[in-house]
Structure formats: structure tokens, C-alpha cells
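Letters are used for the chains, namely A, B and C, taken in the order the chains are written, and counting of residues starts over at 1 for each.
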Amino acid sequence: MTSFSLADLVAKFGGELIGDGGTTVTGLAPLDRADASQLAFLSNPLYLNQVASSRAGVVILARGDFEKVERPSDRNWIIAANPYAYFARVAQLLAASNAPAVVPGVHASATIDPSAQIAASASIGPNTVIEDGVRIGERVRIQANCFIGRGTVIGDDTLIYANVTLYHGSVIGARNILHAGVVIGADGFGFAPDFSAQGGEWVKIPQVGRAVLEDDVEIGASTSIDRGAMADTVIERGCKIDNQVQIGHNVRVGAYTVIAGCAGIAGSTTIGRYCMIGGAVGIAGHVTIADRVTITAKSGVTKSISKPGIYSGSIAATPHAEWNKNAAIVHNLDKMRDRIKQLEAIVKDLQNTK
Amino acid sequence: MTSFSLADLVAKFGGELIGDGGTTVTGLAPLDRADASQLAFLSNPLYLNQVASSRAGVVILARGDFEKVERPSDRNWIIAANPYAYFARVAQLLAASNAPAVVPGVHASATIDPSAQIAASASIGPNTVIEDGVRIGERVRIQANCFIGRGTVIGDDTLIYANVTLYHGSVIGARNILHAGVVIGADGFGFAPDFSAQGGEWVKIPQVGRAVLEDDVEIGASTSIDRGAMADTVIERGCKIDNQVQIGHNVRVGAYTVIAGCAGIAGSTTIGRYCMIGGAVGIAGHVTIADRVTITAKSGVTKSISKPGIYSGSIAATPHAEWNKNAAIVHNLDKMRDRIKQLEAIVKDLQNTK
Amino acid sequence: MTSFSLADLVAKFGGELIGDGGTTVTGLAPLDRADASQLAFLSNPLYLNQVASSRAGVVILARGDFEKVERPSDRNWIIAANPYAYFARVAQLLAASNAPAVVPGVHASATIDPSAQIAASASIGPNTVIEDGVRIGERVRIQANCFIGRGTVIGDDTLIYANVTLYHGSVIGARNILHAGVVIGADGFGFAPDFSAQGGEWVKIPQVGRAVLEDDVEIGASTSIDRGAMADTVIERGCKIDNQVQIGHNVRVGAYTVIAGCAGIAGSTTIGRYCMIGGAVGIAGHVTIADRVTITAKSGVTKSISKPGIYSGSIAATPHAEWNKNAAIVHNLDKMRDRIKQLEAIVKDLQNTK
């Protein structure tokens, strides 16, 4: 376990240290479970009352909270503008120092086209296949059994886990993380119907655009992002996309937008920047979502959204018998409305003849 | 870039050429962006007014539209019964002529059982594993890192992208396209409950049917189609299935049906021909859907549908505060109905005693 | 085809044989299709009337049903407490005896770290990569093109199909079945927002917990189960999870719970034992579901559920025009409620002044 002194941490990540800079930490834990070798943080005011009794080696917290809490004299504090992000950065440092060293080089079992350009600092795992014209940046790591199609470009410091497929011509930015099972650049779902009374078929529209992921994008396990039909599908910088998400052809997802698991975005839709798309949300094709829109989990979006804000459309499960009764009424709301109309007419009539 | 003369295109795909058969095109573009080397098409009347000013080398359009538009004398036209499908076929021709040549043969790193029969014109990528008794047709292409289980049969001209898994005994027709991450023939979800007060377990029902894909089927990235329990799961000819779709055991999908991304079809359900299943649609097990049924995105189907037509059941997201109010009422519709009933009784009484 | 005498079956699986113990069967079939070499079972009373005319070599049924049916004198019967589970166990026996023998050993093309401990009875397929510190139990079978990350432990008799990825530190119990495309232990979706007017980013929270699958778990094709953030994600013994399911970090799924295809469970949620989660169900993060809860297909769960029972919240598709009318009213239920309130006031007034 690598250890870091509090002085080191503050030198690296900023913040104000109150206490002993020589104290060292080797790990992280929640306030109520941390010991003297661990760092804890306070971000949610719900846990304010755990601070005084925490045995953490140091607590990261905001100035306002620092001023609120009881502070035993033998304790250490780091005051940070954003304790949660500070904690995340320390956690990254610890995780990186505990991870096995990456050995640069290409595994003997990998299949590399001679025209591919691979930085000497990159690491290519067993059985990974790299086609012609691929360019791979500095310190890129690609695990085992991946397929990198011809002409794909991968930026510096990107990490690609096992069993990932990048179709030909994909563009992956710097510092991306692609989890196992990801498929980037498969054909979008485009077919022209050509049927007559005598028969016919769906005629495939060749998908000749690309899938482009800008810098600092993370894509979860088994997520698929289709290539564009003629233009490109683009995931802008800083987006984080969870597992099992499907993104159709020609979609553009704005910078720093996050998309939770099992969501599906149909073709040619544009999502703004800083949006939060909940789990299992479905967004129809050809719509435009403004910046800073939040869609709550399991909602369906069928029309463009032009104003920032939170949007919802899902129904929470309730006991089955109860729901059955209400769901039946949902399917007969038009009749209920007609009964109300009728009542209104009668009542009006009664009022008039009173 | 390969170029094609308009005379060539009409010879190949039919249609009536009005203009110079010697004009050549090398690509495709939308009407308002095409230049003289590109072909454009008109299918949606919304774009009718772009035709006259388009600089495309040729415009494909229907006779009715041809007669409507202003036609500068130096322009070329192909009149086609279905301009969109015509465009798709030309696009395929161009894409094929720009694609790298496929080199037949088995990559040295592939693992092939000696009993497998592989056409000499087929191309098997690196690290692909082909088990005993497999039969692979003419011009089949299988990319890297695929697994083709024992006894699987693959028809002529089928294209299988990287990291695809075909379980033992799968049957894949001619001219199929299976995208990366597809899993065909995994076990269906079948277990017999065997629990008592003392404990117990779910007892697995062996899945001994097959997964059968007929000709001209396309399956999107990371879609899974389970093998049958005793009988087969069947995807009939000409079906197009998008990414991240799940199809359970013993399902039959009728010819030329299309299924959009993230849909799920539970076991033993039969879907008719020429259906259109929207994105994220869920269809319960053991139901039957007639031919030519469209289910709109995110709808759930719990009962059989015996008549062609469009079916829906999803709710569009609206601003959160607004939706919250309405959703709360949905869960109390039975009380609302009771209030209406009561009002009706009182009003009737008032009318009678007026 | 291996054959089994009825005496063998009863010796192995219990139950009471009425008839000729020397009769042999080689397969299984439904009551109405079985011939003398096949075993059939009766579990659903709907099929009671098929028993007398069935030509099956033996029928497995419950004592109560045995007493109800007409019994031709030349017929064989096995009376079992749970005919469906009995059938499943016989089916497993037949499937196992018809499956090709597993050859223990490591395929020459596999990449195995010298520190990995692999039981001599285990079978490791082509191109599978096994990292340092992995421990693999007796009779484990791992198919082709899998990736087993460092320090992962796999219990005895577990079967892992092709193209599976197990991230470092995963724990897989005994007798698990992991289908093709499964991803176990990818990072959970955890990021700290750190944005200001000048820019910013989502800061990744390192995911340092593990994914732990206890004994007798089955995971369907392309399902993903994330590792924990600090603690572990745990799938308890006997759980069966279908295809395309997403399970977030720190989730705990109780023993013998089943989860159908396309469901998604968000992070830090706890699901009880013996639950049944329907297809495409979504469960929000940080909720707790009691034991023996059933959630019907396509429902969304947003709050904890403390009582056993069936819960629902989905809407069945109906003809589009009909649904459109009703859906529009759903979005205006607050206005409908106001109209009812107003009617009630007027009616009250009318009653008072009568």
C-alpha cells in the first residue's frame, strides 16, 4: 500500500490543511468506518453529525461545514471547495499507485497490420487485432481480445478493456475509457422499404459516416454507439455513458452530458451539453434536447425539448391489485371525461333553472 | 474512388434516364449539398423545393415529382418507382466498390476443427474459433475473435463482425449480417421452481432447441437471440433487428419484420410478418402478434394482437413538476371515478326532485 | 442417444414408479407428441385431458393427478412431488449424456500467467486469457476468447461461454453458468461533478470493490454486473439472471431471486431473496426490496418495498388512436380533478339551496 502525507495531498490537489502535514493515509473510507490511516470526506449534510466522532486520519470538508462541526484538537482537516471531487481525485491517486505497472509493448499473440502506427509507450493485450492504418497514441492500453478496425485513431492515455470492438474509421479521443463488450461504429439501423404485392425487401442503406468520441469520454460495458449514415455520430468531450446504452446513427451528445444504464437514443437526435439522461430513458429519433436538461429514469421523450429543466414521464410501481384498477381507468379516461362533461352540462342546467 | 456512369446505373438498377448517360458520379449527398460528381434523391416532398437549385450530377425521383419540379436544361434525372430504395442500391454499389478487397482464406491464428467445412472463398479472421462439424458457405466473411460452436451452419455471403458468438447448432442463412457482440443461441431462461420450507433451488431446463436465422437477416450490435427450449427460435427471412435487442427462446419473428433497438421479446411469442416493433418495446411471453402490426416505441404488449394496425402505450415526458401532479392522480384514479359516480347519483337525485 | 431405464431414473431422482422399470427412454417431449421412447410430464392441469391418449413411454405426474386420469393398463407412470422439476432433472441427465465429452486442459492458444492456479480437470478454450493470481476450480470449463482478470477466483464446475470478460478481482462461485458476452466487474457509474462557470469535468470515483457471484448463479448473454465502488456487488446463491440485464455497483441480489431480460438495477439497491423481477423492469438506486417481492414486466420501482407481494406500474399497448386520446388526458388529469372539485362545490351548493 502506497501512503501519502497530507502535505503531499494538499501540494497536489490544493485545499487548506489544518493539522499535521506529516500524517499519512493509505486508503479511503466512510466517516463512520475510517481509521487513522484513512481519509474520509463530508459532502452530504446528512452525515454532519458523524464528523466529530470519526476516527479518520483526515476529513475533507467545505469551509462552511468545518465551521459548524465540533473539532477535537488532535484531528486533521482539509478544507476544499468541492470535498466530493477532492475525495475522488485522492481516490484516483491511491488506485493508480496500487495498480500493477503497465508494461508497454505489443503481446506476441496480437495481430497487428504492418501499416498500423502504435506508440512505443502503448500496451496491446493478447489476441487483440489491429487493422491497417490504425493510429494508437501514447500510453494507450488495450486489453485482450479487442478488434480495432482499419483506419481507427485512438488518442493518448485511452484505456480499452477486453472484448471491445471498434469498427473501421472510428475516432477515439484522449483519456477515454471503454469498458468490456463496447461496440463503437457498427452500422446504424437504416433500410429503405421496397415492397410490392409481389414481394420485396428492406434495402440496406450503407452507413458510411463514422463514430467519433472526443476526449475524456467513458463508455460502460456492452454499450453500443453506431457510426453515422453519411455524417458522423459524435460524443462530445467529457461525456460519461453507462452500461447497456444504445446510441443510434448521427446522434450528437453534447459535452459533459451523462447517460445512465439501459438508455436508448434513436437516430439523428441531438442532446445538449450538461444534460443528465436517467436509466432506461428512451429518446426518439430526430429530436433536439437543449443544454442542461435532466430526464428522469424510464421516461420516454418523443418531442424536442427547448428549455433546461427536469422532465419526467414514468409511473412508479404500486401493489398489483391497486395498479390494475387504476390502469383500467387510464384506458377509459376518455369516457370519464365525457361523464364529467355531461355532469357539467346537467349541473349548469340545474343552476339555471334553480 | 470508383465512378459510375448514369448509363451504367440505369442498366444495373432500371429507371428512366433523362439526360446524359455519360455523366459519371462517385458519391452521394443530400440535394442541397451534392455537387456535380454526386447523386442525390428526392423521396420526401418536404424537399421538393430543393430540386431546382441542386447541383447534383443526377437527381433520382418519382415520375410525379419529376413532373412537378422546374427542370434546368443541363440537368440529369433518373425517374424511379422508389427513389429511396434506388438510392440505397446505388449507395451499396459505391460502398462495395470503395471497400477493401476481401482476401479469402483462414487467418493463421484462427482455430479450426479439422471436421469443419469452410468454402475456399470464405474469409476467417484472426483468433476466430470454429468447432467441429461447422459448415461455412461461399464468400462468408467472419471477422476476428468470433466463436462458431459445433455443428453451426452459415449460408453463402453472410458477414459476421468481430466478437460474435454463435452457440452450437445455430443455423444462419445466406446474406445475413451479424454485428459485433451478437450472441446467437444462448440458453433461454427456463427453470423449474423446486422449493420447500427446507430450501430448494431453481432447476435448469436444458435448452435443446436451436436458433435459426433465415436468409437476408441483419442483427445489430450486442443483440442476443436465445436458442429454443425443445423446438427452435426462428427469425424468418428479411428481418432486420437493431442493437441491444433481446429475443427469448421459442420466439418466431415473421418475415420482413423490423425490430428497433433495446426491444425485448419474451419466450414463446410469435410475431407476424411485416411488423414494425419500435425501440425499447417489450412484448410478453406466449402472445401472438398478427402480420403488419406496428408497436410504437417504449410500449408494452401483454396480450395477443389479432388485427393489423398501430398500437401504443407509452407516455411522453413533460416538465417534472407537472408530471408529478398528474402521476399522483393516476395512482388515485379509482377515487376520482368514485367521486364522479357519487356526483352522478346526487345530480340524478337533484334532477328528479327539481 | 443414451437411454435410461425407468428403474434407473427412479433410483436417481426418487418418485414412485408404477409400471415396467425395464422400459427405457432416450428423450423428452410434450404429452401429445411423445412416443414410446420419450418421457412426458403433467404439471399444468390444462393438459390433464392429454394424459390418457399420450403415447409417452412414461408420464411423470403428481399423485393427485395420477388419481384423476384414466390409466390404460400398459402404461408407465412416475409419481413425483414436483413433476416439472423432476422433468427438468431428467432433461439435464439426457442433455449431459448427449453432450460431447469435455477434454480437460488448456488450449495451446490460450495465454495463461504462470502464477495462475488452474485445476487439472478444468478446460480452458482457445485464445482465453488468464491473468496473474487467478484460481480456477475443478472441472471448470471456459470457452474461447474469454478474459479472466488478475486475482479472479472461479469455483468448481462453473461453465463460462465464449467472449466473457471477468474484470480483476471477481469472485465466481461453484456451479455458475455465465453466457457469452457477459461482463462481470466493470466499473460502476460513479463521478463527482466539479463544474464552475469556467468549465470543469466529471471526476471519476475509482471503483475498488469487487463483483461477487455466489454458488449456483446463472447469468444470461450480454448481461453486465458492475464491481462495487468501495464495498462489493453481490449476487447471492441460486440467483438466475437473464440476458441484457444491467446491475449497478454495490447492488445486492438476495438468494434464489430471478431477474428477467432487459431489467436494470441502479447502484446501491438491495433486492431480497426469492424475488421475481420481470423483463425490462427498472429499479432505482439506493432502494431496498423485501423478500418474495414480484415486480411485473416493464414496471419502474422508485421507492423501497417493505412487504412481499406483486407490484406493477406498466401500461398495456392499445390501438394508437385510442391510446392517444387517453394519453392526452393523462397529461391533463390535474385539470380534470379541478373540474370535479368545482362540480362537487356547485352540487353541494345546489343541495343546500334545494
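Rule of thumb we're sticking to: a contact is a pair of C-beta atoms (placed from the backbone, for glycine too) under 8 Å apart; a residue touches a chain by one contact, two chains touch by 3 or more.
Everything numeric in this text was worked out from a predicted model, so none of it was measured.
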Min route length, chain touch network, subunit A to subunit C, equals 1
For the copies subunit A and subunit B, the interface residues, called same if over half of the numbers are used by both and different if under half, are different
Chain centres from averaged Cα atoms put subunit A and subunit B apart, in whole Å, by 26
Where subunit A touches two or more other chains simultaneously, the residues are 109, 127, 145, 163, 181, 222, 244, 262, 280, 314-316, 318, 323, 330, 333, 336, 340, 343, 347, 350
Contacts from subunit A onto subunit C in the complex sit at residues 28-30, 82, 84-85, 87-89, 91-92, 94-95, 100, 107, 109, 125-127, 143-145, 161-163, 177, 179-181, 216, 218, 220-222, 238, 240, 242-244, 256, 258, 260-262, 274, 279-280, 297-298, 314-320, 323-324, 327, 330-334, 336-337, 340, 343-344, 347, 350-351, 354
Subunit C residues touching subunit A in their complex are 109, 111, 127, 129, 132, 145-147, 149-150, 163, 165, 167, 181, 183, 186-187, 189, 191-195, 200-206, 208, 222, 224, 226, 230, 244, 246, 248, 262, 264, 266, 280, 282, 284, 294-296, 299-303, 309-316, 318, 322-323, 325-326, 329-330, 333, 336, 339-340, 343, 346-347, 350, 353
